[in-house]
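In what follows, structures are represented as structure tokens.
In the two complexes that follow, chain A is the common piece, with chain B as its partner first and chain C second.
And then the complex of A and B:
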């Protein structure tokens, strides 16, 4: 008697969402099964992998990443180089230097970089904010303007600034609006509802429902994504059917497993391998839990995760 | 699968004697079905009826014991597919593979390498719990037994990855007391392997070229009376491995197909030979989705640090927050003259805060309060992280006797405690730290 599995295909599906334009445009979502459950139904749009660079340029990168960008002098140079790495589907420009509690770079300086990067590559672009809600509202408004027509992702609107970000990125310039909440299905849902009430098209929202490095409260990430996918697919909740994008690099490259040098922790061994594996293992868990896209930093991590996705789809 | 009240009633003594505390056997049966009372409350259920019931009410996934003595551990026994439904009960275990084709020096080096990873994280020992010993037909059964014997004393559960009956027999001879897994049954040899495994009293691992063959062999072994089994996820491709691990788990738990209800072994060493980062990704994937044992070529600190952290998170009880031991944690060589910072014992808070403090490079003392394992705001709201609780904790721990510095930073989220703390802890300068841990590095450096 052969093994017969009941199909786990649902009648509801995740929204499809296009990032970028032209030949390099990519599509997230569309599946009507749990992550990688291709045995239940085919998954037309494989999860996508983005590579992150920052406004800080080469200097801001971890040492082990620098060598991949040898010869680059500007952020735009790095963007061009990043676009050539194996497995890269899109580019994320993380404007961390805008943070008023950090470098507090003026918005104009950051937007200049956005423009240069956009001119340098034809990949889909994600603009990742600095986490300060006021500054981000300003950055996303200007970035949406200079990226007009690029169908870029603004990552992300939060409860505190969704009106501004929704209005500029979503309504005025028809960019993709990122909706960020912290590990709570109700908050994720609420923000989606608020954005759509504002007039933002539900089909051009992508969620960041929370992220953590493996070992750092990661159970909340898994359970939030599990529950969101169950609500979206099993219960057909249209307010949670947006695809999920998860910034991984910003979490994993700041923790001690990646930061501690070999001199600091001789028994831990090679620092680069630790950084990559932390990034890769976190990303694999994110994808298994329901991320439709992950943002990574190390080219080796990008290649590995792209290969894993390919093997699973 | 739970039994319905009516099914239980059919087996009941039907005396309606009320000794169980219920008015009728029917009422009692209903309560048993709901799990409100134990069947043992009725003295008259026959042993046969009880046996029939325990078979029918047995959990959908078997709990399998492997290893002996201190190394004994349990696999499987899960009742849900998602951790928010109920706690996952038996965490994924990890193994590194060696092969009888390797020379002694290589084996020694691999064993030393896997034993190098051994540390504690929030009260849990993190180490490679198992060694997978692959059989190499070219070097034969004697060499296999020799290698198995060599590693049997390393304090790890052995997986005898061997589908050759003679070699398996020879290997079991030298290690059966350690209760290894005889991972060698397939569609052709399962009868002989079953004899070997049952005679030695060890768990039998089952292989199949595809899901159907795997399922049929599991069913055939069950027919022979063996339910002390684990199954191998298919190794033909990553996709096939994932499909079999997920589908069998789903079939067992959702559809009560007990033949699928055994722990799984996923061999990522075979799925991604030579590609260490890919194996790292797959170790993680199969920890989240239904690997009971995952075998890799190598688990060093690079692979282990994220993996064991992930496992600890995924297998934690969703109702019970993870706690760290309250106490004084010196950081960056902090001593009695170093500044103090205090926060709660929620593990996540501790990890994030201590990580940032380490990054600052500033010597300090992190004083972790007993706050019931809740986050800063939650414990504050619950009255478990208040000026009185902090003051009391400092007294209990004799912080003033141990530390001379009288500067204490409190989390920005509970800035309201500053005044009360100054009143309750005379002599201390109370400093309000930032609201978010990421701002600590700048905060501490600025203060210096």
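And then the complex of A and C:
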């Protein structure tokens, strides 16, 4: 009997979602196959790579990243510089300084930075919160307002604050609403349902379903993303067809493999190379598991992952 | 495994209000019932225009176009003893949301409905019944084979033939109920899709009892591998049961709001 190859193309597809506006706007999703399965059907929108800077500016960056931003004095300067690095599709401004358990910067100060950064670059912008649900609700509301018309991503609404974030970012200012769960497929689905029931357009939702640095319980990340893509494509589950965006830098630059100095761990070799390796390995695995976009910190990681995507699609 | 396919049964000439609307080509009652069923979670809508001997072709075309234009090309099951009316319905049918279902063939006088479905790339409900009610599962499976072969001879994919074991009424045929459930398991073991008029089991029972019986039976039948049923989607208890069984079977991913979607 002749062998007939069966296509793994599905009748359902991932939603297409536009980030940003104008010439620099990017589109996530749209595929009707598993990640990188271009042999089953073409993938029109390749996964995208974002670069992360923080409200802490240059000081907050690891030493090995600082040299890339030489001469920058403000966060907006860094944003401008970041936009020129090879492979950067979008910019993520991580407002970690807002955390009440950390620096607890006032929302107004953070929003001032948001505005300066937005004025400095025309790339699509992601605003990443400080992880405190009350503060984030406040930050996202204000950020949505000052970024009106920029089609920015608010990363992200959680179970505890989805009503506030959905109402301000999604309903009032028509920004893209991130929906964050942590390796919990049922919650990932539930959040999407709740946001759409609130009136947020399903096509304006992007999911952050969680990640971990490679080697840190990463199996859960793979199975979570796998099952979400399977439900979205095989079962045609419209409540899980949102594209996935994964912040990688926040996971990988805090672990010992990236933090330990060469003096402390001579057998581990060059610290910068380790940091890049952890970031690249994690990002590559996230993309292979189903992320439509990843957020990285080191310019070399960004260039490497962008090259990988280009080679595969 | 895909989600259980609910075929809404409420657009039928057996309902006087729908019969009248069909005769008078009055869109309003038809659209109202269609919307109620879709909101409640029906995937397909059955359009039963009865024998429709005189104007079946015109009526089926009217109904298909009316429903598909109002409800985003909702997929439909075309249900009538008038074969020409089914063909007429398919001629104006939009497949964007799913193939049309021909309802239905049997292993006796209506076997040609399979040929019709094959010629029109439609799904066909295949009732495992000949003349009179099959006496046991040997007989049902013989009909199943006959129907399967007929469809495949005409170029159909096995997955497009949805086998109907013929659900029987409990009041009068209680002793046959487990047979039907076993028959569904046989279909499932062969990898075949199945459907049927499940609420037939509770015919003649008090109104308050029927949802309970229908829900219990649908759960047992889904356990056996039933993949679809022609039911009243506005029976809340039944739909809640189907959605819950879909979760247990892994056909849908659980979320706390699963009953609302």
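The definition used in the following text is that the second predicted complex is superposed on the first by the 309 of 313 C-alpha atoms of A that agree within 3 Å, B and C clash if a C-alpha of one lies under 4 Å from a C-alpha of the other, contacts with A are read in each partner's own complex, and residues count from 1 in each chain.
Everything below uses one rule, namely that a contact is a pair of C-beta atoms (placed from the backbone, for glycine too) under 8 Å apart; a residue touches a chain by one contact, two chains touch by 3 or more.
Please read all numbers here as calculations on a predicted model, not as lab measurements.
In the superposition on chain A, contact of A:256 is made with chain B only, not with chain C. By the touch criterion defined above, A:73 lies against neither chain B nor chain C after alignment on the C-alpha atoms of chain A.
In the superposition on chain A, A:21 makes contact with neither chain B nor chain C. Contact with chain B, but none with chain C, is seen for A:274 once the two complexes are overlaid on the shared chain. Residue contacts after overlaying the shared chain place A:186 against chain C, while chain B stays out of touching range.
Of the two partner chains placed by superposition, only chain B is touched by A:6; chain C is not. Between chain B and chain C, B touches the greater number of residues of chain A.
By the document's definition of touching, both partners, chain B and chain C, reach A:227. Common to the chain B and chain C interfaces on chain A are residues 227. Across the complex, chain A is touched by residues 2-3, 251-257, 260-261 of chain C. The part of chain A that touches chain C in the complex is made up of residues 185-187, 189-190, 193-194, 197, 227, 231, 235-237, 239-240.
By the touch criterion given at the top, residues 1-3, 5-6, 8, 36-39, 101-102, 213-219, 222-223, 226-227, 230, 254-257, 259-260, 267-270, 273-274, 276-278, 280-285, 287-289, 300-301, 304-305, 307-308, 311-313 of chain A touch chain B in their complex. For chain B in complex with chain A, the touching residues are 82-84, 116, 121, 211-212, 214-216, 219, 237-239, 242-243, 246-247, 250-251, 254-255, 260, 275-278, 280-285, 287-289, 300-303, 305-310, 312-314, 316, 318, 347-348, 351-352, 355, 358-359, 438-439, 442.
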